[in-house]
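Below are structures written as structure tokens.
Heads up, the next two complexes both have chain A, just with different partners, chain B and then chain C.
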Partner chain A sequence: MKKTVEIPLGSQHISLLEPIRFRFHCENEVIRDVDADVGFVHRGVEEACASRFEFKQVGYVVARVCGLCAITHSLGYTLAVEKLLHVETSMRIKYLRMLMVELDRIHSHMLCLAHTAENAGFEALFMQIMNERELVMDVQEALSGNRVQFDYISIGGVNRDLSAQAGALVLRNLSLLEPKIDELFERFTSNWSLSLKYRGIGALSLTQAYMYNTLGPLARAAGLETDVRLETNDFPYAQIGFEIITEQGGDIYARNLVRLREIKQSIKMVRHIIEGLPEGAIQEKTKGKPEGEAIVRIEAPRGELMYLVRGNKSSILERVRIKTPTFSGIPAMIEIFKGSNFADAPAILASFDPCMSCTAK
Partner chain B sequence: MSLWSKWRKRAPWILHYNAGSCNGCDIEILAALSPRYDLERFGVLNSGNPKQSDIFLVTGPVTYRSRERLIELYMQIPEPKVVVAVGACTATGGVFRGMYNVEDGIDRYIPVDVYVPGCAAGPQLIIDGVMEAVAIWEQKTQALEEPFRLFGGMGTIGEALSRRNTLEVKDEQNHREP
Partner chain C sequence: MNKITVNLENVVETIKAFYNPAAHHFLTLNALNAPDDSIELEWIFTRYGVIDEPTVFTLTCKRDVLIPSVTSFIPSAIMSERETVDMFGVSIEGAKRGLYLDEDSREMPLGRCRV
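And now, the complex of A and B:
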């Protein structure tokens, strides 16, 4: 006789932002096996990028792969095409691009923290974090003109300059945000009822993190030092004071701490960017059509994002391949679910910060 | 019935489904529910259960695999129900129009009452859309509660429910002689 009970979660569920379906095989409360189905939002972006759109438009199409890390998608693609067109961007453009990526990281991490809190049953904390997140959203709207889909980066530069007023607004809002992050840090580390839901739950060991090829905050929470900002030199991250952040334990608590500390570090880096913003033009001249193959790696809020672009001197590209961080995280996610309680499943899922529209494209 | 509907119109619960969107509109719906914009002050609650919901918020162009779920969820919501299409790609397919796995907008599958524009639709627009949906929902409730003649009169429940015919049906019923 079969000992396990099958419990489905998804594709539509209150704890899910986007459709993903799990089938948990549970023995009493404990999850024994999991089937995951991630393909509900597959739209065929890669195929359309290589057939329907010109290479100058594709940057805005790939931004629509994911709303949360739209800026990293368009940045990854733009960097790859700039390599093929042999365009060297000025320091000011690099700084402005880094500014938007770091702001995006702050808001994405805050959304993940809020979502984890909601799924663990702390609705008031969710509301509080979402309210504080609006400070960053305001800054993004002032800088790029849109709250979510920025369309800030174009091939050869950025679409809007940073005015002195906008710079002052960024500094003001971040100085308002920083004490609130400190308060959240205090709450996440010392609140007893939060620790019941977070400490020791959904733990991923360092060996597992290495074996399952995890990326981003998930790997760094387990103590694995992997961060593309450290490994590549497309952007002068060392100049603005970037240091890698790792935690031990790999449970939900450690993942939350990594995200909180990264938010604090991003705030620090944004300050350095605005203070040391070099002068120069915001758009370089580009000419020609992309030829050859380029691979670019970018650190998205969820981990390493990889773009492969291949062109053959026509305005329509031959191939655009996107490898997203959540895609690499799914084997580890399934492994963590095994052996944990079913009641913890939504919180564990949210702490992974899965992005299905990235994964399925 | 009329006694309850007075309070019910103050509590339109929403069901949110992502039919292949990029997440942008979904996080804006969350932002609209959060304290800055506070959709909840109108009694709106994000409910995960279609059988308790009144307003169906859909985001994204319908992908090939999510269309069955979309129709299933729509069928499970009890009458009267209102569908709000959030975002440009929900209305026409937007940037995804013509991609091989995309069905170009949800109105190919379910009737839509309110279209919210924007990529991504801002929280203010979403609030506007939901408020318009509440007004339509009230009309539909009235139309549903209006008695109609089973024999002789041709007004059926289906006609009474469709938005276009709501007012005409009411006029017809008022002028009908007993």
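And now, the complex of A and C:
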């Protein structure tokens, strides 16, 4: 039997974006087993949502679960409460909400690609992608009034309408961004050190994807056709040209391609939203207090986000359950690590695009 | 949503008979406080690629019993089982404490009975 060496990675490490601790049990360079500790930034959000805050405030609390996909979190919660209050929103509200979620997806995927480049040693490309990402951040700031904590979604609608000037800014910035994404696509499909060497590294098979209930780009890169935008009818995604994107291989390279193609598709969808934005109210009247239980799923940039809300006609909810994409993806991550080289661990981890802030909530 | 009530004796068999990994997606295990020092557990599933209401298996039991695990056929359930153990202070077969809290913590942040 070969000697096993335990190598820790994290909770603070140069290759980690957020605090998570792995203990890799290695035989020479090969990882044989992994322990993951994910609770470093646990903040008790679920407890706060069902004790300290009234249901009208909770949408703004859950937006603080994650700085990156804050809109997706507040939208998931808000949709659940609207179901309990029997609120039907106008098509304009649905379109504006889809717009912000797709913008979230673009800048989140760009952040992941930037870190993928950084892990491959491409510091300048990292800076370039982060700079180009500002085009989307500027748009979100113009639409919501804030750069990070957007607080755009409210129960019954959205807090700001889309002005003609803001619409023009969205189209202008996306037309500037699109050729840069094409350029990135070219680099990620032709450069050995950046991407091609990761073919076959950190691979998840389709069978494993099913077995571990894998989600989001991780699953789609393995060929699993799952996307909440296809599996719920809360939003008219078919009207704005949504089609599921999958790749084969399930490795780091395939995950990069899925994200790049999803950015391109989100740009196309945002254009369709702006061009076909229906007239109508941006805020519906709501009354009453939530009663019953509702489950809502949203396709966040990293995969399926679920909110379960139960109310008993009181201002304080009985339960707010948040299931985030990284949280449920950790067993698959551990499985992918097994058999990989320890030297590839940082690159594999970056390709998961993990969010510990969401996971520990 | 489609709710199916189960009990401690048949929960694993019922979910195992229902679950097809190529068709069903395990969403999460949810827990809620129930009256009389009991706890309500919900195993939630959806289907891949189709618009469908979630299927929810619900079990209400006393807080101090050992709850069977579904990880033998749904390995990814380990995360939500460990989270439930930490947050509600219940015991689930094979799920150790310490995902979010210290392993020897006596806290159970969501386990206080508010009903």
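FYI, the second predicted complex is superposed on the first by the 356 of 361 C-alpha atoms of A that agree within 3 Å, B and C clash if a C-alpha of one lies under 4 Å from a C-alpha of the other, contacts with A are read in each partner's own complex, and residues count from 1 in each chain.
Methods note: a residue touches a chain if its C-beta (ideal position, glycine included) is under 8 Å from a C-beta of that chain, and two chains touch if they have at least 3 such contacts.
Since we're looking at a predicted model, the values are computed, not measured.
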Overlay on chain A: chain C relative to chain B, clash or fit: fit
Which superposed partner A:44 touches (first chain B, second chain C, both, neither): both
Partner chain(s) touched by A:68 [first = chain B, second = chain C, both, neither]: first
Contacts of A:308 with chain B and chain C, given as first, second, both or neither: second
Touching partner for A:12 - first (chain B), second (chain C), both, neither: first
Partner chain in contact with A:357 - chain B first, chain C second, else both or neither: first
Superposed model, angle subtended at chain A by chain C and chain B (C-alpha, nearest 10 degrees): 100
Touched partner set for A:148, first chain B, second chain C, both or neither: first
Which of chain B and chain C A:337 touches, first, second, both or neither: neither
Shortest CA-CA distance between chain B and chain C [superposed frame, angstrom]: 7
Set intersection of chain A contacts, chain C complex versus chain B complex: 39, 42, 44, 47
Of chain A, residues touching chain B in the complex: 11-15, 17-19, 39-45, 47-48, 52, 60-61, 64-68, 70, 111, 126-128, 130-131, 133-134, 137, 146-149, 355, 357
Chain C partner contacts - residues on chain A that touch it in the complex: 38-39, 42, 44, 46-47, 50-51, 210-213, 224-226, 230-233, 293, 295, 297, 304, 306, 308, 310, 318-319, 321, 323, 327-328, 330-332, 360
Touch list for chain B against partner chain A, complex: 17-28, 30-31, 33-36, 46-50, 60-61, 63-66, 69, 73, 89, 94-96, 98-102, 119-120, 122
Chain A partner contacts - residues on chain C that touch it in the complex: 1, 21-22, 25-28, 30, 32, 42, 44, 46-52, 54, 56, 74-76, 78-80, 83, 87, 98-101, 109-110, 114
